[in-house]
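Right after this note come the structures.
Paired with chain B in one complex and with chain C in the other, chain A is shared by the two complexes that follow.
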Partner chain A sequence: MPVMEGKELRIVGFLCNWCSYGSADTAGVARAWQPTDLRIIRVPCSGRVDPLFIVKSLLNGADGVLVAGCHPRDCHYSAGNFYARRRLEVLKRFLPVLGINDARFEYTWISASEGQRWQQMVTSFTNRIHALGPAPRFENATPLPKVVGMALPPSSRPLGTGKNAPLDDLKQGIKEKLPDLECVIGWQRGYDGVHTAPLFMKIPEDVEKLVWGPFNVANPAVYLPKFKGKKVGIVVKGCDSRSVVELLQEHLVAREDVTIFALPCQGTLDMSRVKEKLGRYTVVDNVVCDETEVIITVDGKKHRLPMNDFAQVKCRLCTKPMAVFADTPLGESPEVEIATHVPPELALLDAMNLDERMAYWSGQITRCLRCYACRNACPMCVCRDYCVSDSRDPRWMTQEADVTQKLFFQAIHALHLAGRCTGCGECQRACPVGIPILALRQQIARTVEELFDDYRAGFDPAAVPPLLSYEVEEKSIREREWK
Partner chain B sequence: MRIGVFICHCGSNIAGTVDCTKVAEIAKKFPDVVYTAEPMYTCAEPGQTAMEDAIHEYRLDGVVVASCSPRMHEATFRRTVERAGLNRYMFEMANIREHVSWIGKEKDANTNKAAELVEIAVAKLRNNRPLTAKTFDVTKKVLIAGGGVAGIQSALDCADGGVPVILVERESTIGGKMAKLDKTFPTVDCSACILGPKMVDVAQHPNITLHAYSEIEDVSGYVGNFSVKIRKLATYVDWEKCTGCGVCSEKCPSKKTPDAFNEFTGTTTAVSISFPQAIPKKAVINARHCRQLTKGKCGVCAKFCPTGAIDYAMQDSIVTEEVGCIIAATGYDLMDWTVYREYGGGAYPDVITSLQYERLLSSSGPTGGHLIRPSDGGEPQNVVFVQCVGSRDKSIGRPQCSAFCCMYTAKQAVLTKEHLPESQSYVFYMDIRAPGKMYDEFTRRAMEEYGVEYIRGRVSAIYPDGLGQYVVMGSDTLLGEPVEIKADLVVLAVGIEAARGTRALAEKLRISYDKSGFFMESHVKLKPVETNTAGVFLAGVCQGAKDIPASVAQGSAAAAKVMALFARDKLENNPQIAFVDLRRCVGCGKCIRCCPFGAIKEKDIRGETKAQVIETVCQGCGLCTSTCPQGAAQLSHATDNQILAEVNALCR
Partner chain C sequence: MSAIRFVTSEGLPTFLARLSRNSRVLAPVVKDSPKPSVMFEPWRESMPVILKKATVPPKDAVLPQCESLFVYKKSKNADNPENVALHLDDTAHATPTVIFACRPCDARGFAVLDHPFLDGQFVDPYYKARRERLAVITITCSSGCNTCFCHWVGGGPTSPEGSDVLMTEIDDGFVLQSITDVGQKLLDATDLSDGKDAFPKVEAARKAAWTSLVPAPDIKKAPQNIAALFNRESFWQKHASSCLSCGACTYFCPSCYCFNITDEGDGFDKNGGRRLRSWDNCMSSLFTREASGHNPRTMKAIRMRNRISHKFSAYPRNWGNFSCSGCGRCIGNCPVCLDIRDIVQDAVAVADSDV
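Here is the complex of A and B:
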């Protein structure tokens, strides 16, 4: 059923059964005339409104979405609206990074007796949406080329190859603990000298295969949940350890089951830059690590790769190169000055207006193959075989390969990571077509930091994640100022 | 599916601004819709009968009614479809009256909107599943938290109705605030004379178990089957042995112990019985002032106690009670009025609270009912009453009215005149709120028969004049001029707040509280005794300011609710609750962390941790569903698929 051609816009309302739906009824009983654009979906509680319903509506043609619940403290279920407030506020600050005007989404509180206020609210929101006009749609676009040469932020610390890291001490430490452990996860040499592969050490001979250095790009924490309930060891860089902290926080691994081995990390290579530098090659002849640069000889040609130019962006911004905690702390944690540079993927979007962002995402996401490498590489994607992206019950997504489905999956991933993403960047690194999807997670992380007392995921296994808690009076959310 | 759609005309209420025939025509084309009808009044008997007939004739297995708000008639139509043999949840409603015909003027737009609302309802219905309620047993026992007059009334009513009662009181005696009052308005009858017998009834009733000097430690379970842990605080006196003879108190050398029962207007002994009519009449040692417990030297009470009841080594103990319902009747406390620096902030001995004044008036009080100034023991000549101290004052964040101060101030002014016929009373008031039976007559009598001078205005400052009196500065807003009165005694009608510890108790009971800390009732008008947690009821001031008759009425009302619930041997749960798809659950516990009712627990299933919904506790908010990333937790009747179907019907 189409909307009234040219007259009405598509506005979806999610109203809680107890207060807001009642206020709409009260307005009706009082014959409080309202614009006819809004279509109300009744839900038990504003806490039931998954932010993804709103994203789905907006990606699929809604011009505006309004969520209404009981006033804070009046929730029929005590606290549903408090949780909703946090989640919806995060969503509101997330939409613009996709190129969706956040004025198209609003949430508010209204009690069953406030029929008149409901009338005013519907009228003003409808007028607002009409002033904005029909929402632009994401369309299948000509694929944009990969973004290359993003400006690198200055490094917060000296970067190096980790050549002098006490690897032998670490190996010795692992060998000592190995008899008590099912296995220890680490890295080994990959199919050539510039790649590493995951290593699962079970016997002392395996330990000798362990490597440490700038090629250890992958996050081994992704394998950890599979060992739930078993004694397991893991070798981590600082960033990997934050994923381990998150898994501990979510009880997906138990602290007593996991032994953490760590070395201070001096940075790892941005493999896409390395690939660019090396060009097409057949054989890697030699790889030598100097203190601050890697010298790679391929097909007889020598390439010098200074870590300062070739380290991953996350390593340049890293403030904690040592594990958050470890069972065998090896080496001193270097002092790092706290830099607060916006990551380049996000800075790129910050500089764009909404239309430009929409065009950017349409063009970038069109390249997506829906291979889900991003999901599989993410250590926090713990749903695995039961990811909602390939399920019929619940059926959040269809199998169509259009831009809205692809972008919706990225929104699902980003919002499911809210307050959990440690910014390890594995999703983006794993993307075979090089879509800069990390920006979406970075925006969520930035929002969570802004809203919830600088909360950053991955530092405290005992912390209550901000989206699983609430404050009766939120310090940084001013939703009731909206009229 | 075979869906029937009924587009109700509601007389002309809907048909006046919606083209129902057109809506029915459009609805016929929606998937699975096999039948449409346009009854004049679907809710009327012919309408319901026609619906039942249509269900049989067209073998419908789902019904959509487009009519008024589901808040109006959802229950009605669910029963109708059930009579016709369908599951009551194979039914959806489209609200085309309150949300369409009554609020939109344009018939075309309304018709279009109505058709879309029907489309959403059909889309959802296609994802509905039959749901059935489960039954469970009830423990027919009630726990009442708080032994003030409201709690006492609830306890006696329940006990008389044959329900065993566990009464938990934090103080060493029941009676609450009412026990401290001298007389009560508007009849000016003695508080102790009307409350005392009820307190004795509590002590003697075979159905009532009293835990005085005890606090609620923890509450688990759900309606019909709560388990409550009660912390019995150490009294240092074995109440099994204590006869309440009072010898310990007579002999106790620590005579300067602050007397909380007398609102600190006098002193008591470290071991004492709070007042002569206390129930239970048992002694308690105040550990902070007992010489034996603080300094390790004394032991006088133990020496003199004729039954050897003193036990200095006593510890808190925990008892657990299994009950089916809980009544919260925790009452109130006075707010901390010392924030009013302009009234001396508590520094002037003759500026006292109304509750302290009650103790000075009371014949069981520290002065034996002799009305004197606390500073010098002289009889006051001018007594000034200041109302709304900490009530209706936005400047200190207390906009609410304390409801009963106007009345007790009038009563105290009347009693002042009766105690000291030569005295003169003044009352500074904002408005006189006397809406109860015989209330306005009473305040009139105070003014007309007892010569109490009422001055409409607030007091801006109180300060000593250096000659033994106090200057009360205010304004008379009726005359529009400043007023200064020399007072010998100033009585502040201090505003009330929820009793200390109310918020912590609310969290244990999983009920909500308002800005001032008072418990939230389920509905302001229609469910004033219920809370949003099934099986937890409210009585008395803990729900909001009210006077004694209203507290007693609510106490009885809560008891009636309990007995109505216990009239059934089995309870039925609401099947619109969450369930967990065990295959999808990874045991991350996010749902457990945010469930407002503690309705999800971890369960070990074949060595794996999974979430499990406690069906009787779940209230069906769906927070877990929107929290679970993999969609394992789903709220029945509002599953992701059902809401997605609605979204997809609107946005594509």
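Here is the complex of A and C:
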């Protein structure tokens, strides 16, 4: 049904079958006046409402979305609305980073007998949306032409090249365990001296190829789930170990199946900055590491890359340079100064208003080719071949190459990683066109910390990820006042 | 006789402005981001002239990431609602386009695409419409780079294949040499000065580019040898073990051309429904999933075999040349640094040692 031009706005309501839909019915039976902007979709339970329903509505032209379910403790399925509450609260705090006004989305609880309350809510929500007016659309936003440079945050500790790490002891340790393992995952020299590639060690000779140092950027944990049920070893940096822990938390790998080898990490290089520095070159002549800098000679020209200037941002902010735990740890964890710095990608967005954020994303995301390297490099994206973004049934996305589809995929990824993302940064590193997508994950991680007692994914193998659990009384989620 | 013209660096914006009068000019643009990338975008006056090799090849100009093949509208007969009339609009739309500062490898990509889309049993009308309205101005490379290997696969830093005009930088500007009639007309329509006198410098620059390359191995036997390894699963497993099955290698490739076709909309609303053609890639498991649910290529090793065999064995058998132009993007963009050069070389060596 076409919306009456100019008079009505598009508001989508997801109402649970047992309470809220009933309340709308009660209001109707009582002949209570209700605004006509709302298009109701009846769902079995508020717990059925995937936050992506809401994002999809908002990206595709809804001016507002309202979700209503049974009051806490009244859920027909006992706990659906408890789960919903956590997810929807995370979503509400996520929308603004995209440039969507979170006032356009609300969730609430209404029972079947509360016809009058329903009428008040729907009226006040509709009035709110009318006050906001038609929602701005990504496809109409003028891309932000210039992005301000990101200031590097101070480093949590001195960064280095790891040249003194006990690599030989590590190799020895791996060789000892190798007979009991299918393989051990690590890194080897890549196509030239400034790139490494994953290494799967099966025989002692393979172990000799293992390298350690600032070029070990890739996260080997991405390969773990496919070895499920087999005994496998993995060499980890601190950040990689958090991915392993998260996989353990989610029972995607079993503790008794993985052997974790670890060395303390002194930081890894931001390869895009390295590339900028080296420029176009044909041959790497030489790579030498001293304690704090990497000296790379390409085509006869020498470049000095101090780790302090060329390390990845995540390494500057790293609080866990040594594995969370390991079966074969070697070396001591360095002293780390734990200061909470907002990552620069996120700080950039924090400094913008909603319109600017929308303009920023529409400018950045148009480059996306939908190659899904971001997804496939993510150690926690375990559906991969069955990702909802590729599915035709249900059809979450079309193949159109427009801004909304591309951004919607990022929302899918970010929300599927809510409370699970360890911030390893692989998604952004993998993106060949450098779309700063990590900020979306960082915003969710920050929200999860705020809402769930400073929870950070990948530190405790026994912890249940926050969006897979609930509290009957949530400490940090308050129902909002309605006006 | 080809046209040879000269333009100074300062003269380039005027040249581009002139070209933009009749065509959309796609030129490299550096995108502002934490990790800078270079994309082809419509040129507008006041944009800086960038000559860098683009992160994404200009393949989109002939084979868009997603295009609407046709629009369908359905309408019900008021007297007999069972009777639905279908209206199809399949006009092939194409804007006259000039690609400026293409690289020889990317231009060769167009030559690769031409065979299957234009020279087979069926001509693709959408591709044809765009290709016929396309002119390619290619800047020759002054050196190779760490990932590119154009000279392994029949091209080179100064290869003219797929280009209409070759542009070479000399000390005080650029010499433009037409390669095709299209290129000649394009240059004749400009007021650029004659560049014949500077041509010796061009030849010297091109020669220097070739001498800067690391010598290429001989991969002439790749078509037979790769075919011989078709059933050796262990070979493909070895080379695909680190692959993440993403599409970075194929979507950034100037010569990959696989696509998917999907319909959006039932056709009853006022905008009609659209049949879309969008890029697809053989590294994804879904690429071969059949309607029945059966999937002949669930293993990534077998999908890797497909990518390599298509480029270095099947396509050459059909069309005579490799369908890889050696741009190196699949290597440089791969999140895990997988190197197609290694696989091809290893295939050549392994199959040889078998005999």
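One rule holds for everything that comes next: the second predicted complex is superposed on the first by the 468 of 483 C-alpha atoms of A that agree within 3 Å, B and C clash if a C-alpha of one lies under 4 Å from a C-alpha of the other, contacts with A are read in each partner's own complex, and residues count from 1 in each chain.
As a convention for this text, a contact is a pair of C-beta atoms (placed from the backbone, for glycine too) under 8 Å apart; a residue touches a chain by one contact, two chains touch by 3 or more.
Just so you know, these numbers come straight off a predicted model, no measurement behind them.
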Touching partner for A:M150 - first (chain B), second (chain C), both, neither
second
So in the superposed three-chain picture, is A:C318 touching just chain B, just chain C, both, or none of them (first/second/both/neither)?
neither
Tell me the contact category for A:S78 with respect to chain B and chain C: first, second, both or neither.
first
For A:A359, decide between first (touching chain B), second (touching chain C), both and neither.
neither
A:G61 contacts which: chain B (first), chain C (second), both, neither?
first
Between chain B and chain C, point out the one touching more chain A residues.
B
Output check: A:R367 vs chain B and chain C. Expected answer is one of first, second, both, neither. What do you get?
second
After the superposition on A, what does A:A135 contact: first (chain B), second (chain C), both or neither?
neither
In chain A, both chain B and chain C touch residues 384
For chain B, which residues are in contact with chain A within the complex?
26, 69-72, 95, 97-100, 102-106, 108-110, 112-113, 115-117, 119-120, 510-515, 520, 532, 576, 583-584, 586-590, 593-594, 596-597, 607-609, 619-623, 625-627, 629-632, 634-635, 638-641, 643-644, 646-648, 650-652
List of chain A residues in touch with chain B within their complex
1, 3-4, 7-8, 10, 12, 17, 21-22, 24-25, 27-29, 31-34, 36, 39-45, 47-51, 53, 56-57, 60-62, 73-80, 83, 87, 119, 225, 229, 250-252, 382-384, 386-388, 391, 393-396, 416, 464, 468-469
Going by the contact rule at the top, pick out the chain C residues touching chain A in the complex.
31-37, 39, 53, 55-56, 64-66, 143-147, 212-214, 241-242, 244-248, 250-252, 260, 262, 264, 276, 278-279, 281, 284-286, 298, 329, 331, 333, 335-339, 341-342
Could you pull out which chain A residues touch chain C in their complex?
145-147, 150, 190-192, 195-198, 200, 218, 222-223, 272, 276, 280-284, 298, 345, 364, 367, 369-373, 375-377, 384-385, 390, 392, 398-401, 426, 428-436
